[in-house]
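There are two complexes below, and they share chain A, which is joined by chain B in the first and by chain C in the second.
Moving on, here comes the complex of A and B:
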């Protein structure tokens, strides 16, 4: 526990000595992840940016191998810069747990992930459109963070460490932490309860999730319901681009002269071309089929991550980005009988 | 992090470019943008992909011994300037011309317009509005006094009825189309007039699936029903319109039964549409290229204007006559006077007072007669009257009608100069090619379809030796011995604003805020004008002009029994020079490129994916078929993004007599398995 918020700024400045410190800051009227160099005071109340941090761990486009004019192939090994993502909300941390499990030993992911220091920041209340509580991803963070911060109303900060690197960072900054006493533990529990109580009651979310997870697995909801949602998907790729747990990529070869590079590029399962086979056959030929698959992967326990949590972390970004109003809450509203 | 404006369609969404290591590493929507509100379509989400393509042009090219070879800028500029000088010496000022770009910035378009008039001394300047909304500019100027979208996109949320004519909004203006779908879901009636069953048509309360090119008959049928039932807004007509009796009497023959006979839509549907639109307190009418790309394009625009005026829907919240412009800055390129008959702000070149103002500002004598349109320039090139042409960021070989005529005509030029991002089909036949900077590599402004002028900001440096168009034009002007004095984008904008009353109160500094300003904005304190004609029409009274149905220039017959129409796909844009370099967008291309109804397909033994030949009197194209009920029997439809199967090898170049718009939306074809 820290007696004030000031030591957090010292931690940020020390992290900035050998890392690029990236934090949410308002840019042109909306929060964005910005390289701040740890300068200035920490933005405790800046909401989670619409574009998350996935791009630092899984770039939009990343070279994986190259070949030269003699036909020699070699892997392109990333040498990512060391970064610190400071102010990650519980939803984004839950999503990183998914990425960790999905990519496993993937060397490109491992390299970027190892170069990233993660500092969490607990949400004292529900954000607009967020429903992390209903999918067990927040509003208070769990692993995988190096450090996690909980701001107390009296100005003190509870700091938790999740890794040895986190402990080392505290030591490096010369920050002395006091143990959390009983009264503070009670206060923390009360804050967590208050945060949970701040979420609007959305019974359709509970009903929708129950229907998604009823037997028989994946087929409890009539096909007609999905086909009715299909025309609302314009295949813009907004949901999959912003979804912090979406990991699908395609492979693109870019010849340059006699050589070239192979890159992986974010893909989207809502695109018709995602699963179209060379013969022209398509296992998910209708937009409604693709909408069903996407939400099955996000909202069914069949695709729960290693911690037992759903593929949806309740961040609400897809509801902002979807022109067709079938983001997560939009779909749960349809499944839960609200629209 | 650079906040800018999306370079694709004319909705004008806010885009944030994430820059890392000198390259655009990602794209995000601008959360706080007043129009797009944190959303993008597939093109916008993929806006970063084409920027770093190794196919980008990075050095000027010059044709030597039949091949395009890299040369220094000096050499390319000197060659281009010499070709322009030779052409002017031998054929006069009108032996040269400029085709400006609807994709580049206002500053670039202004520079192209000024270069044509002040440096080359010709009004031969035009751009692709000729093949999209020239009839809107011509038609709405006659009826209302201003040829632009009257009401803002946000009025979709303020209306009681949505009427969409000849526009595939969810695919071509996706963020606007989605807003229409959302309004419809809230219970606002949606009427769609379209020969194709578009996504909106399938959702609509009324889909009038008219025969190709019968829009005027349909609208006149609606007007007949409106007057017959007394659904017109009499008080509005008395107070704000003129020529009411002439219109009313001209409609006598257009009974719903007669309109039904011509359009193929049941009379009851026509009356239903009239009732829904006219009985709603406010109706938001939008239309697209299905209206304009006809020999009767301007008259169809006038018919829609009649409909909106008769129901009191012009100059009111939630109403309007709203042409949906196609490209990111086609509105701006028109505003900048990249048209053969007007200076910036639609000030006529043949008005002596206007011309004197520009002559004194620029210190040169300016030509008084309107110049040639882009298609007329092609014909002049074919006839040998036009000798050197500068084409900026357009690919007419793919996008313009008339078979292989365009390439043949441009091939006859003494010198074709092209400024481009990529070696397009048009650039491939050029003599000089200048490498151009993209939207992410320069500062400036775009003007969206709702007249919203927004900042475009440089996020990264252009690749290699690529330049902004205005820089290239200034350098070329110096080589021609007549420097234009353009120094930087803010300065170009300031010069333009001082000469253009509708932009008079704008500056780059004032446009810094998200969402910019809508013109007219005449003074530095004016808040802009999201909605036109609120205090009466720009021209005074709204003019009702009787128009009659004109059939398409080419109708089906025994030899060419089907009708071909053209359309656009959500995942492609224009000739595809940008979108086809985005791997996900390119992969999304359908397997076939001609849509055909099952009944027509069965008769020809055609199945989805089967190779087919599409023939017309002007040429033929081979592609694959998509058997679909998106099109009715008797109609086939092709998107025009793909040079390898371009419908423009078969489309008709018959022209609208007023706007000189070619009839890209309908011609007669034969289709057979091959």
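Moving on, here comes the complex of A and C:
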């Protein structure tokens, strides 16, 4: 525990000595992830930016192979910049746990992940459109953070460490932490309860998740329901781009002169061509088929990884991004009989 | 991360360098390409029937192809045999290649057909190009089976001219210990074999060899009907093995393209038991659920 917020700024400045410190800051009135160099005071009350941090761990385009004019191939080994992402909300940390499980054996992901220092920040209350509580992803953070911060109303900060790197950062900044005493532990529990109580009651979320997870998987929901939702998806890929747990990619060759580069590029399962085969066979020919699969992947326990949590972390970004009405809450409302 | 170990980890993802060693016309728009890897890759030499590789043509990308012949079924060590139909951008580029052209091969990937059970009476059901992935399974069983173990091959093609692997077909036709059923949808004058789709001949072929298990490969519509017909002929779902195909970009369960409900064809398949597919309504495509 820290007696004030000041030591947090010292930690940020020390992290900035050998990392790029990236934090939420208001930019033109909207929160964004900004490289601050650890300068200034930490912006404690800046809401989570609409764009998450996925792009630092899984870049939009990742070159994986290059060839020269003689056709000799070599792997493109990334040299990721050392970064510190400071102020990650519970939903974004839950999403990184998901990425860790999915890409755990992938050397490109591992290199970028190893170069990232993660500082979590617990949410004292529900954000607009967030439903992390219902999907067990927040509002208080769990692994994988190096450090996690809980701001107490009296100005103190409870700091938790999740890795040896986190402990080393505290030591490096010369920050002494006091143990959490009994009274503070009670206060933390009360804050967690208050945060949980701040979420609006959305019984349709519970009903929608229950229908999605009724046995056999995904089939309690009639295909007609998905086909009715299908036309509401414009296949704009806004949701899949912003979704912090979306991992699908395509692979493209880009010849340059007599050589070239092979790269992974973010893809979206909501695009018509995602599964279309060269033979003409299409396993998901209708928009409703693709919408069904996307939400099945997000909301079914069939895809709960080692954390046991869903592929949806309840961040609500898809509801903001969707030019229609089929973000997560929109779909759960339809499945849960709300509209 | 140890830098040397890290580099090895990246290098391990590279395709193995290969060259096209031979090209053989099978039928209209279908050719068999034999690629040679120097030196041979032990994992590819040890590949099982039904496993696949990612074939790489620099500048055109990668695509998944099931191995059409295997060292364990008699192919030469250090060779990769692929029977390919010209249907897309990469296969068009491949058909423009000549012997000696460099290529890349990653793999083998996935779960193939069961390699045990050579002593059980078996029916192989193939449609069109689907005969290629089954060839090594068939030849493998013919090499390993106890004498007298009945084997049936039921092969359906669009026309007599579109049949592939005619040397293998001739070999099996000539053997008294293989029951070969050939059928075409559009018979040409002079065709003396069967006509119609394979489904109509499943019951007879099963009865002929008293088949206890089956392996299938072909277009999804044919797989769906043939698997149901095999079930109706009395084969239990867990004794029917079906090779699925999906568009793939990575082969290692990461890119997300080849999903079938909660499974990835690249990692969990491409060969699934029919019992597994009956629990997965999208096995043959949305709205085409497998039939019990």
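As a convention for this text, the second predicted complex is superposed on the first by the 339 of 339 C-alpha atoms of A that agree within 3 Å, B and C clash if a C-alpha of one lies under 4 Å from a C-alpha of the other, contacts with A are read in each partner's own complex, and residues count from 1 in each chain.
One rule holds in what follows: a residue touches a chain if its C-beta (ideal position, glycine included) is under 8 Å from a C-beta of that chain, and two chains touch if they have at least 3 such contacts.
Please read these numbers as outputs of a predicted model, since none were measured by experiment.
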Chain C versus chain B on the shared chain A, clash or fit after superposition: fit
Partner chain in contact with A:285 - chain B first, chain C second, else both or neither: second
Which superposed partner A:4 touches (first chain B, second chain C, both, neither): neither
Centroid geometry (CA): angle chain B/chain A/chain C, rounded to a multiple of 10 degrees: 80
Touching partner for A:323 - first (chain B), second (chain C), both, neither: first
Partner contacting more residues of chain A (chain B vs chain C): C
Which of chain B and chain C A:102 touches, first, second, both or neither: second
Partner chain in contact with A:59 - chain B first, chain C second, else both or neither: first
First, second, both or neither for A:252, with chain B first and chain C second: both
Partner chain(s) touched by A:267 [first = chain B, second = chain C, both, neither]: both
Superposition-derived minimum Cα distance between chain C and chain B (Å): 11
Shared contact residues on chain A - chain B and chain C: 250, 252, 267
Of all residues in chain A, those that touch chain C in their complex: 64-65, 67, 71, 73-77, 102-103, 106-108, 110-111, 114, 216-219, 223, 247-253, 255, 260, 262, 264, 267, 269, 274-279, 281-286, 289, 292-293, 296-297, 300, 302-303
Partner chain A, residues of chain C touching it in the complex: 1, 6-7, 9-11, 13-15, 17, 58-63, 85, 87-89, 91, 102, 104, 219-220, 245-247, 249-250, 254-262, 279, 281-282, 284-287
Touching residues on chain B, where the partner in the complex is chain A: 1, 3, 16, 18, 25-32, 37-42, 44-46, 48-49, 54, 170-171, 174-175, 177-179, 181-182, 185, 199, 202-203, 514, 570-571, 583-584, 587-589, 591, 608-609
Chain B partner contacts - residues on chain A that touch it in the complex: 27-32, 34, 50-51, 55, 59-61, 231-232, 234-238, 241-242, 250, 252, 254, 256, 265, 267-268, 271-273, 280, 320-325, 339
